[in-house]
Amino acid sequence: MTPEILRELLTAVQHGTMDIDAALDRLKVLPYEILEDATVDHHRSLRQGFPEVVMGEGKDASQISSIVERIAAVGANVLVTRVDEEKAHRVLVDHPRMEHNPRARTMTFIQREIQIVGRGTILVISAGTSDIPVAEEALVTARMMGNLTEHMYDVGVAGLHRLLGQKEKLMSASALVVVAGMEGALPSVVGGLVARPIIAVPTSVGYGASLQGLAALLGMLNSCAAGVTVVNIDNGFGAGYAASLINRL
Amino acid sequence: MTPEILRELLTAVQHGTMDIDAALDRLKVLPYEILEDATVDHHRSLRQGFPEVVMGEGKDASQISSIVERIAAVGANVLVTRVDEEKAHRVLVDHPRMEHNPRARTMTFIQREIQIVGRGTILVISAGTSDIPVAEEALVTARMMGNLTEHMYDVGVAGLHRLLGQKEKLMSASALVVVAGMEGALPSVVGGLVARPIIAVPTSVGYGASLQGLAALLGMLNSCAAGVTVVNIDNGFGAGYAASLINRL
Amino acid sequence: MTPEILRELLTAVQHGTMDIDAALDRLKVLPYEILEDATVDHHRSLRQGFPEVVMGEGKDASQISSIVERIAAVGANVLVTRVDEEKAHRVLVDHPRMEHNPRARTMTFIQREIQIVGRGTILVISAGTSDIPVAEEALVTARMMGNLTEHMYDVGVAGLHRLLGQKEKLMSASALVVVAGMEGALPSVVGGLVARPIIAVPTSVGYGASLQGLAALLGMLNSCAAGVTVVNIDNGFGAGYAASLINRL
Amino acid sequence: MTPEILRELLTAVQHGTMDIDAALDRLKVLPYEILEDATVDHHRSLRQGFPEVVMGEGKDASQISSIVERIAAVGANVLVTRVDEEKAHRVLVDHPRMEHNPRARTMTFIQREIQIVGRGTILVISAGTSDIPVAEEALVTARMMGNLTEHMYDVGVAGLHRLLGQKEKLMSASALVVVAGMEGALPSVVGGLVARPIIAVPTSVGYGASLQGLAALLGMLNSCAAGVTVVNIDNGFGAGYAASLINRL
Amino acid sequence: MTPEILRELLTAVQHGTMDIDAALDRLKVLPYEILEDATVDHHRSLRQGFPEVVMGEGKDASQISSIVERIAAVGANVLVTRVDEEKAHRVLVDHPRMEHNPRARTMTFIQREIQIVGRGTILVISAGTSDIPVAEEALVTARMMGNLTEHMYDVGVAGLHRLLGQKEKLMSASALVVVAGMEGALPSVVGGLVARPIIAVPTSVGYGASLQGLAALLGMLNSCAAGVTVVNIDNGFGAGYAASLINRL
Amino acid sequence: MTPEILRELLTAVQHGTMDIDAALDRLKVLPYEILEDATVDHHRSLRQGFPEVVMGEGKDASQISSIVERIAAVGANVLVTRVDEEKAHRVLVDHPRMEHNPRARTMTFIQREIQIVGRGTILVISAGTSDIPVAEEALVTARMMGNLTEHMYDVGVAGLHRLLGQKEKLMSASALVVVAGMEGALPSVVGGLVARPIIAVPTSVGYGASLQGLAALLGMLNSCAAGVTVVNIDNGFGAGYAASLINRL
Amino acid sequence: MTPEILRELLTAVQHGTMDIDAALDRLKVLPYEILEDATVDHHRSLRQGFPEVVMGEGKDASQISSIVERIAAVGANVLVTRVDEEKAHRVLVDHPRMEHNPRARTMTFIQREIQIVGRGTILVISAGTSDIPVAEEALVTARMMGNLTEHMYDVGVAGLHRLLGQKEKLMSASALVVVAGMEGALPSVVGGLVARPIIAVPTSVGYGASLQGLAALLGMLNSCAAGVTVVNIDNGFGAGYAASLINRL
Amino acid sequence: MTPEILRELLTAVQHGTMDIDAALDRLKVLPYEILEDATVDHHRSLRQGFPEVVMGEGKDASQISSIVERIAAVGANVLVTRVDEEKAHRVLVDHPRMEHNPRARTMTFIQREIQIVGRGTILVISAGTSDIPVAEEALVTARMMGNLTEHMYDVGVAGLHRLLGQKEKLMSASALVVVAGMEGALPSVVGGLVARPIIAVPTSVGYGASLQGLAALLGMLNSCAAGVTVVNIDNGFGAGYAASLINRL
């Protein structure tokens, strides 16, 4: 802890075991270390079984490989998101121990066993079959961050019985990620049924007036069900991450 | 019928009971009469117990009064939409026999008894209390056009049991008008429950990202339930009118 | 009927022919069956000669083939929408009995003869040659759902005589689907001529300020002709489906 | 003409009747005079019977009065646009000779008789009654700029017979201004009937998805009829001005 | 519990203490009770010290008064949001025991002592002075729902030292609500400092390109800090509610 | 002329040389012929040396070839717009006599010598080198429609001297087409220099906040220079066509 | 300077004149002081003759008065922006020494003589008369921050000679603020004439497609003249401030 | 200088060594030369060690090569922006002496040694790794225009310590270019730390609600830090150019 370090330093100066210039050099970098400390608190939590995350989109296979290389060297688990099939296969040549989840478009490198740090279960729900990749990204993220997860796919609002038929699963989750494209109505319906934090993820699934997911995004922001919060379009990772923070409390 | 009129005219010419110039004058206006005939078909249907409609917004009380005056003179029923309280009271001074519905913001002048021309019942559903004025406008329109109507208010998607608790009413309608603001999810849920034509009406109810009803509009256009069609924001009249056309079949 | 089932069950309990645990097991699933019943009403209607529908966009040929396989096994007719030429040819290898309509970008599998369940004729109108694929999608959908259909193509508002020259066809339809891109003005003109339900379909045909069909969509939502309702951009299927619901009344 | 002025100046220098410093002073301002000449060409044309124009919106009555004062002093005709009733009455106190047109929201001060400089007739057409103020602004502008005008109001596309019933008027115009709100379809229909330059004016008439006239604007920009050009929403003045330039050729 | 109720009912039928028609009547409403049960779970949690919430916007003082009347009758606490000064004073005439918080634009009626049900502290942070009303709405909501709260106002990103100077408060919160208008950058900065769930609330504070809060909303949805979720513009209540759900875990 | 035809017909009926049924058959089609006549007026003018126009975008080479085939058969001149290099070369195989202008992306088939029907010269101005294809499309269109043309390229507003250095050309045009992307400011500057009709064409040239030409479009619609009218983004053809209508007066 | 302070502190500890706990207390706040130092650098510069700035919009007269009170107490100059007439008059009652500039909608309190710290002259240019308030806000801001200023109003691009006629003023400025509404073309033209930093300010002047200043904003962001940077719509203060930072270099 | 040239000319006329027609010819082109002089002032500054700039996007390799050829012939330095790898390699075949910077996507041809004309250092900061290409474009531009530069990459607002750890570099810049995508918050944070002109560059980095850089653009325009001005999305060149103009003062 910083206060202890400071006391030691001052005692050393008082006792003459450290001269003033050495103390000065040490102190000069201190403010940033303290700031760093603020952010390191963030990093530390990440390291408590949490993976380092690499956004695969916009990076080629060799860039991904070398980043994974570097992270893996410090012993952390790695989660790569948004890797298409071809890129994944190229990365697998360099890192054959990585696991590739084509539905989630993720690659994971688990060097240290993931410890369950979440108190309850994170439930990921998706409306249509085309929304599944985003839902899976959330699911993989939540698992990599030490959570028990459940999922419930293809339960769109035009077929309510499929959703209501799984009442127990709905009721027993401690945080829910609800993924939907098109009109994005599912989070409102789920939010009317359970009194738990719901993270809504709009997807770019749809055409025409879906405006690449904007319609779903606007729908979710205007949800008539309180307790619904929203992340960016297709941001399964962000939803899984936020749900993990909630579940870790 | 036009062919008959033409045959009479030609016969008159053949028999010399009408001279050529008189026939010519008559024929000159014919094309437009025939076109008129096309549109008159439309007007005729309107007159089969249907009201003449006056959009009250953008007109002052005296303008409304004199239009009503003119229509009433030909014996037609009149429906005035979007009249606020103050304007309505002024119009009532001139037309004390008119009925003012403040919730629907309508005024009606029923000179001829409305005959029921619709085959089934038109059901108007609304999500929140603030959506009721638009729903009522649809309801009044449907009634003025000769339909039996039912309504079901305050059945938003965040409280499904209120909607599902009235299954019979839902199932027995021949056409449904579903009114909702905010995320506009209700038509999708209703569309998943009944296989009847659904006219969705987005409302400008909401704030911020509701964008004055655009979010609800986009949501409804992207509905995952087939059979849903959409009208302009707050257009209760248009929905009631379209439902009447459907029910009249 | 559910009440009968319940009465039988209770009588069996009363008579001791069913023990309480068995009755309990039966009752536990009842609520969802009743809900299911609500939605099954929807499915049932779909099965009355109606096809199962597969959205081909976003699915590859093998995915489509296996879905068709599964549906075909239960004896239903199948309608696949938005299949491009190449995909269609691959699916045809697996399902040589399917019919491919390249203009409509549809594939159909008709196992049971389609019964005409619509009362009148559905008329599909389109403005420009580029709008025809969307119009054809509506037409194929309406036919697969048991309707008599007519069509009238290339009758844009800049050449009114082509539209007005087919007055009889216009007047005799019981529901109309009107397809147009660019400024989307055709539904207003048609809506001024016939007093029938009109479903307007904006298309993404155009460039620049057409904003991928948004201009046409907005135009149709603001139609000055009452009775016009609107579906999503390029949503020929949705329009054909809604017209079928209207015509089935 | 500038070359003559230059020759005179140079001759004066050659002859010694003007010294070099005086010539230099004169030449220094010359380039801007020449530029001015370019723009003066514009002003000159404006003065050939054309009025000076004052945008009344955003100016109070006293500002308008004093601008009119200043222009009137040089003997030009004045056109003030976008003056509401109250403002107009205040300006009339200062300028009782001005004419106020409340429908067009214009005031005009005609000091010199307007000479007809246009070759043909400018026809102003409007779709709905609410579009008339914008149409009248165009009409007044065209008249003030020396044109013969005709108008045709309330001929929306949902009632084609009203438009087609006045074929002669349509065919005989040399330039047309077509004013419409809501879906803005009228210019396309008119453009399909006459082969003359058409200036389309979208109006802010409408609600909801009309987006304060943007829907009509987009519709007109996407017109399927060639020969249609567009001005800003509610810009009756601009349309009347452009039509005058066209008619003056 | 439903199974127990069912067993009792069946036993009564078996034992002949309840006849079949009475059982049938009871069972008929069961499905909806079970559904209700799903939603009641939601309501129940609301009642565990949670208030009933009334959206004051769009309701006049007498409407608010009578709704409060009705809720108060059942003994629940009441939270009214978005009441302006004038409306509040009128409501206070009817309900003098209510507390009016003008900064938060809320009124509260606390009949039962609020029990602390949250595990940690909810920290509400706001960027500018104009954002405070929205922040206060979140704060009041969180308190009414049984949470300990802290706040930190006027710590915009252009003056980082004010934010960083309160590191302890930042680090000790279990959930954070971060309120900002204009560019909406604060949640990203806070999200980089603490590893806790952050609910970002964009406000309509700003002008021009802030587009009534859309700029802040977009900024927050694109936050580069993971763990940030977003609610609608100015939705302080929604943020306070979601933070309460998170903190209650 | 129709009246003459009618008189002949009626005389024939009167004289008994035509029986009533024959007259009736003839009269039945008359209205549409008259309508046709209205539109034929349009077509006729098109044929007075004007080309038939084919939009090449969205059509493949064989479709273009066969349309050209069909038009060419009736002896009309043909203008194909928006043909890329590859498509053009394929069409040239079928129609080696066509002329391909790669800069304008047009193909033309001139069977009948183009007669000059315009009174003055149409001047096409463009701002940047990337705007030239759109400018050339306007130029080719204007020439095919029988106009003398001039052009002035690369005279953007950031280099005014290039524009002002060609004052004579500017001043002598009877109609101007001004093409610009990015901020679209050129029409305003030109409109301040000449008092002639100006048709502004926004182009999709630009990136980021140019929004595919929307920025230029909006700029032009808001031009502070009166007399500027606007066509759709990249619509060189429409501008050339409208300029031709203007010049033909 | 921080290092000196640290050395003193350490020397005091070394010499025993400060005990460790006192040193520790001192060091604990150091990081924030250093951060503060970073931002104070900013504040310091503000105080070098720079005013404290108060945004008057959204604050009532009494709030403004008390803020001015507080700032005035520390002896700083004060600039209040966006104060309307009525508000200004109320503030003047409390602060009669303040100067009110109604055109700029500013109030200033100059306690210490403003020292000229800018190297050259800041020139503020505006396009139309309605743009002057924003231009004046920039001008007042620049003066309050210690700059010599010039202005040039009503020099829109449709009247180039007015701009070009003042070449000397244009050429002699060290930084330019260019204010324009409608199409926002002026900065591009000015940017083509002078090679100095140009800050473009779009204004909300215009109507219809000006979209409350968005058209001008987009135009300026797409300027074809390099060296143009842009601030928010109507942000005269921001432009004056940025110009002052540039001129101070 | 023009006045000298004019005096010589007039003197020659006075002395008879130049006849009037020759003088007239000379004077006729003068206005444009003077205008040219206005713009040449701009060009001249560009030539003071400044490069000629070629926008590589939308031009193919051979077009770039020939433009470079032409510029190089007059001895100027050349900067080509937005050249992808493939294009660059083709251009290098023609111009092997050019330097290709793949990260900045630039090519430069330095024929004359670049002289440092800037007074201080231009610091280019970027938020994420994906923003680096735009940052590099700004950096290369600033260097080519004769400035000392520094850069600081990957200092996003979610990791403040990385930014604050380089306080000296931040404080010592005379102008800053700050590049960021996603929420675009970095310029506000930097603007709160340094009192220097900051040019903010939004990038198209992001997905979904980033709207291709619009979110970042809006964020920057709404920056709560005064002194921030903004250029178009991805416009690294424009930012580097504007920073050079600022630094040259």
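Chains: A, B, C, D, E, F, G and H, in written order; residue numbering restarts at 1 for each.
To be clear about the criterion, contacts are C-beta pairs under 8 Å (C-beta built on N, C-alpha and C of every residue); 3 or more make two chains touch, one makes a residue touch a chain.
This is a predicted model, so every value here is computed, not measured.
Counting only chains that touch, the fewest steps needed to get from chain B to chain E is 1.
Comparing the centres of all chains, each the average of its CA atoms, the largest separation from chain H belongs to B. Between D-F and F-H, more contacting C-beta pairs join the chains of D-F. Each chain gets one centre point, the mean of its Cα atoms, and the points for chain G and chain H are 25 Å apart. If each chain is reduced to the centroid of its CA atoms, chain D and chain E end up 56 Å from each other. Remark: chain C and chain E have CA centroids separated by 41 Å (rounded to whole angstrom). The set of chain B residues touching two or more other chains comprises 35, 38-39, 159-160, 164, 192-193, 208-210, 214, 217, 221-222, 232.
A complete list of chain pairs in contact reads A-B, A-C, A-E, A-G, A-H, B-C, B-D, B-E, B-F, C-D, C-E, C-F, D-F, D-G, D-H, E-G, E-H, F-G, F-H, G-H. Contact residues of chain E toward chain G in the complex are 130, 159-161, 164-165, 205, 207-210. On the side of chain E, the complex with chain B involves touching residues 32, 35-36, 38-39, 57-58, 202, 204, 212-214, 217, 232-235. Note for the complex: chain H touches chain D at residues 3, 6-7, 10-11, 13-14, 16, 20, 23-24, 27-28, 30-31, 34-35. The touching residues of chain E, counted against chain A in their complex, run 35, 38-39, 41-42, 45-46, 53, 119-120, 164, 167, 170-171, 174-175, 192-197, 199, 217, 221-222, 226-232, 237-239, 241-242, 245-247, 249.
In the complex of the two chains, the chain C residues touching chain D come out as 127-128, 156-160, 164, 182-185, 188-189, 191-193, 206, 208-211, 214-216, 218-225.
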